[in-house]
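The following pair of complexes shares a single chain, chain A, combined with chain B in the former and chain C in the latter.
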Partner chain A sequence: MNNAVVNLLEEALGASNGRIILVEDCVEANGAFILHHIVKHVFATCNGEPGIVLFVALAQPFSHYERILRKLGCNLIAHMEKKKFVFFDMLKLDCPGVDGGTQKGGLVHLYQKIERAIQTVSPESKGIVTVVIDDISLLDVACHGSTAHVLDFLHYCQTLTSELDCSVVMLNHGDVYSSMADSRFNLHLEHLADILIKAEPLSTGVAADVHGQLTVINKGNTERGLAENKIRSFHFRVKENSVEYFFPGTLT
Partner chain B sequence: MAETICRTLRDGALSGEHAPALTIKDSLRAPLGFEAFGHFLCSLVHNISLGKSQAHGLVLVVLEQSPSFYLDMLKHRGYDTASLNNWIKILDAYSDPLGWKGQLRCVKKSALACPEVVTPFRNVGDTDNLFTTIIEVGKGIVGESKAGFSVAVDSISAVLRHATVPSMSALLSNLRSHEQVSSTFWLLHSDLHEVRATLAIEYMSSMIASLEPMTPGGDGQLGTADSISSLRQISLRGKFNVRLKRRNGRVKVNVEEFHMEQSGIKFLPVAHGNSTINQDLLPKLQFNLQLTERERVDRAKVVLPFEHQGNGKTIQIYDGRQSLPGGQTHLDLVKQTDHASKLAKEFDSGKGEIHYLRDSEDELPDSDEDPDDDLDI
Partner chain C sequence: MSFSRTKTSSFSRTVSSEGSARIPGVKHVANGVNLVSSGIADLDKILGGGLSLGTVVMIMEDPEAPHHLLLLRNFMSQGIVHNQPLLFASPVKDPRAFLGTLPSPVSPKDHKRESIPNRDPDQENGLRIAWQYKKYFGEQQIVEHQRDGSAEYCNDFDLRKPFGRQIVAMQTIDCISIQDSSSLALLQDRCSRFLAQYSRNDSGGIGSPARIAIQSLCAPQCGFASRDWDILSFIRSLRSMIRSSNAVAVISFPPSVLLPCMSKRLQHLSDTLLSVKAIPDEDKDLAELLTDYQDMVGLLRVHKVGRINTQVPFVLDTTTFSIKLQKRRSLVLERLNQAPVDGSSGSSYASSGSCSVSKTSSLDF
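Right after this comes the complex of A and B.
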């Protein structure tokens, strides 16, 4: 059963190279486990060869991800030694200043680091690098609430998808920007994303064996002539060493 | 109506008038703005390549899709790079809109794909510079001649993130009023901006094509429980509202439907779409709720009572209360109606007619009798 259910998320994501995946979660349903799942999936296979992950961490230290991925059967330290995993510790990222000059300085520097790292780890191959950002809300905090500069940074990340065929995966806490004034930031992110994954609590209330529901909206890829929205919705249960995905009512 | 827009963009500006400007509006709930933009772009490029349009070239300013996206799209339609270079230039404000990349990486994929077509632009916030560069690039296509060129912007929303609404309006106004600009069109994500910004841009446009979902409502964000079911419907189809502003101030509004197909976006009249919906929605009944085509034609031919007969006589509308002029009685009226009906029969024997004869017992008008005088009050 495990193999079949794990594939629900992977099926919904489809071929994700060169795409932007936005994971939007809320306080009641944490979506960080999706990032772990995607990291593990990238290492497993990406265009027939093991992929490379560039992890921009603003939320947790390396030890946290290392421990969780090890439980999922993935050794980050080994991947790091093989230059398949690059970790950017941005826990103390701070872009002070109100005028924009120094604020952008921090993000410009971060972007240039990412681009340089891509050129170092994958000078020739295209479509095997995935940039993971955990998370956008803390990037906004580091920029002292300047969402415009965060969007500039994300646009530059988007250019990596079209020029180098990289994938970008980012986590955002949607409920932080749920008020009318801030909701445009969410809309900007959703416009930017090719695939949107929403993690929400169960609409029917709290359940012991179902931890929430995922909605995956795959906008298709206009560049490949597939402009059709594919929407999947299913439940999930986060276990100690894995995550189960299943359609409502099919949990045995 | 989409055809009208294509023709207007093709025909360009009249002498002494501003260039026609099209705003294509979309939102997350009807997210096919790029497909509509691509449709009008390809149509214009087709007309330019055949020499049918007023414009002799096209400047495409890209901010949200890479230049290679558009080059691939045009190549897919059969245009090769050599021919493209003669009448299209891409101003690339997508790859490095703020100059962050600088000297980091000199060789871009887009530049490699087609270096002579793509011109980089690295300061989106400076709309004055953007305007000057657009005109320079346009003049580069048409050369020394005074021929016009068209300008397409993908998208205004990306410019609005870096520029103020007044400077954006100034840019669009300058573009429209420039003597060599033949026509302009741009894409706008309406849900990303304040209403006043959207309205300001709509004022600058002579045509507004708005892509809207079939079912209104929702908070605009994707994935909320109430919108997921409707998303399945809107992903492939929606309403295409077009507002055309004439020079004399008249505003013409038209609604079409758009359908996304494998070959691209298609625009259909609403009537076509509605009839299919109605046929689908109507329950299977044993009796007939709808008219057949012949019944519908016959119904349209029926001349209603007191309707103008078109026989050249004075129109007399008798409401059953006023007294008729010249001491006519209702019997005279009946005779007149008979005469009119005979005339109508001469013109078209297939026309139906309703004869209205006032029932004098029930509807006696203007009687001196008090209808309530038998009441003992």
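Right after this comes the complex of A and C.
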């Protein structure tokens, strides 16, 4: 029974190869734990054909992720030595500039780095690379608000999924854009995504044993039609070494 | 990359706390996090021990009251008491003058003599009305806390007694005016130089922690009204610098003058987010609802508590606290206590009284 409970998120995600997963969170409910979950999942399930993670970090330094994933039972440093984990420290990424050229330059450079890394870590095999971006809204800040360039960058990342069968996982803060007059950026992102995961706090307020609610909208495989389009929602509780997922009211 | 060589096994020796114990004012807790005190004992307790080094704390100001200054002052004073380097940026002409208003610490002897006898009569008092249990539990904890001798970690400050002129000239305090500055590059430069000078963490050793206090960033008098993106990228770069150094930054900003989406972005960029609110003087409804309404100065809300190196969020029992001045000099945070409603409490007394009477009578006869 316990297994079924743990796997609610995995069940909702399904086979995530070659998909774009967008995680939207808000100030009250941090969604970063989903990224940790996915990174762990990639390393854990692909033992036959080892998964590779390219982590583009804009929010937290390596030490932070390393500690968290160590507690989840995943040694990033060992994976890094085996060239299964590539970490891009983009905390200081800044591409200002009055003219669009330099702003674009920074992101183009970043994309080239990702592409080169994919080619070096997995020259021939396809479908095992996952690109994780934490988080998009900081990419936006790094470009001083030129969302068009960020969208361009993400479109390029989308080609990674279609051509090289990579998965892309990105974290974004939904409430930033919903309070904006022009929320097109967020709509574009949601359109790009194959799977949308929303993390929200409980409407009844904070609780010690339920940390919030996840809504997973799986748009399904376009090849197999829209039959799979499913919306699932469940509660979660984040722990040091795992995350509990459960349907409302089934907490034991 | 330097970190790739450090640890290859998932087993690692826990770093002995001796190193951090030698530095006054630093508490070593789980996940390799070091805490420093905010200068307010109650706030430290609320935030789980103090402010983590390597994080950015933001305070959302109330346009009607300068309560954020209370928090900033205590934060800065605590740093000075522990002789930690401090960088202070403010949108006034002469930020150094502000240092003269910082509260000075109450000497521990005075403090013990006054506080414990005051509390003891309450503790011994046998008969007590059974509402607001938590208040009394809290008091006991405070007394124990003081007996532990951890008063050195967080001093008690006397808001009426300023530090005086001697600290205005102190070398370890760096002051910048951000009034009418044409760009944030200057401030960013100063911050990075300050962090590089005092709290390099590259060698792995723990130096003395540094504190950065920025008052009213984004206030209209700063003159970067239309530079939202510059402010955001400044805070982002400050945050990345602080993460890799041994420092904590407390930044206050007025959300009322910002676009809602900018304010949200700032809230996301903060690790710990607090907001202060003034209490209107003549709010009859609120006065009826809360006890000790007269003593309250304002309200403090804890929106989120930043935790690095862990994914578990820090959940508080309550998020709103009242700010009070005890004996008009020390800052106290308390959870809100709901006042008993007159009508219902009267009837419940009456009913319980009659009930007990009937019970005893049935037993006796």
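By our rule, the second predicted complex is superposed on the first by the 240 of 252 C-alpha atoms of A that agree within 3 Å, B and C clash if a C-alpha of one lies under 4 Å from a C-alpha of the other, contacts with A are read in each partner's own complex, and residues count from 1 in each chain.
In this section, contacts are C-beta pairs under 8 Å (C-beta built on N, C-alpha and C of every residue); 3 or more make two chains touch, one makes a residue touch a chain.
Being a predicted model, the structure only gives us computed values, none of them experimental.
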Partners on chain A (chain B, chain C) - clash or fit: fit
Chain B versus chain C as contact partner of A:Ser203, first or second or both or neither: first
Which of chain B and chain C A:Lys92 touches, first, second, both or neither: second
Superposed model, angle subtended at chain A by chain C and chain B (C-alpha, nearest 10 degrees): 120
Touching partner for A:Ile231 - first (chain B), second (chain C), both, neither: first
Minimum C-alpha spacing, chains overlaid - chain B and chain C, in Å: 17
Those residues of chain A which chain B touches in one complex and chain C touches in the other: none
Touching residues (chain side chain B, partner chain A) in the complex: 28, 31-32, 34-35, 65-66, 68-69, 72, 94-98, 100-101, 104-105, 108-110, 158, 161, 189, 191-193, 219-223, 225, 228, 231-232, 234-236, 260, 262
Complex contacts: residues of chain A adjacent to chain B: 24, 104, 108, 111-112, 115-116, 119, 148, 151-152, 155-156, 159, 162-164, 183-184, 186-188, 190-191, 196, 198, 203, 215, 217, 219, 222-223, 225, 227-229, 231, 233
Residues on chain C engaged by chain A in the complex (per definition of touch): 3-4, 6-10, 31-32, 228-230, 232-233, 236-237, 240, 243-244, 259-261, 264-265, 267-268, 273, 303-304, 308-313, 315-317, 319
Touch list for chain A against partner chain C, complex: 27-28, 30, 32-33, 36, 60-64, 66-68, 70-71, 73, 75, 77-78, 80-81, 91-92, 94, 96, 137-138, 141-142, 144-145, 173, 175-177, 179-180, 206-208, 211, 238-240, 243
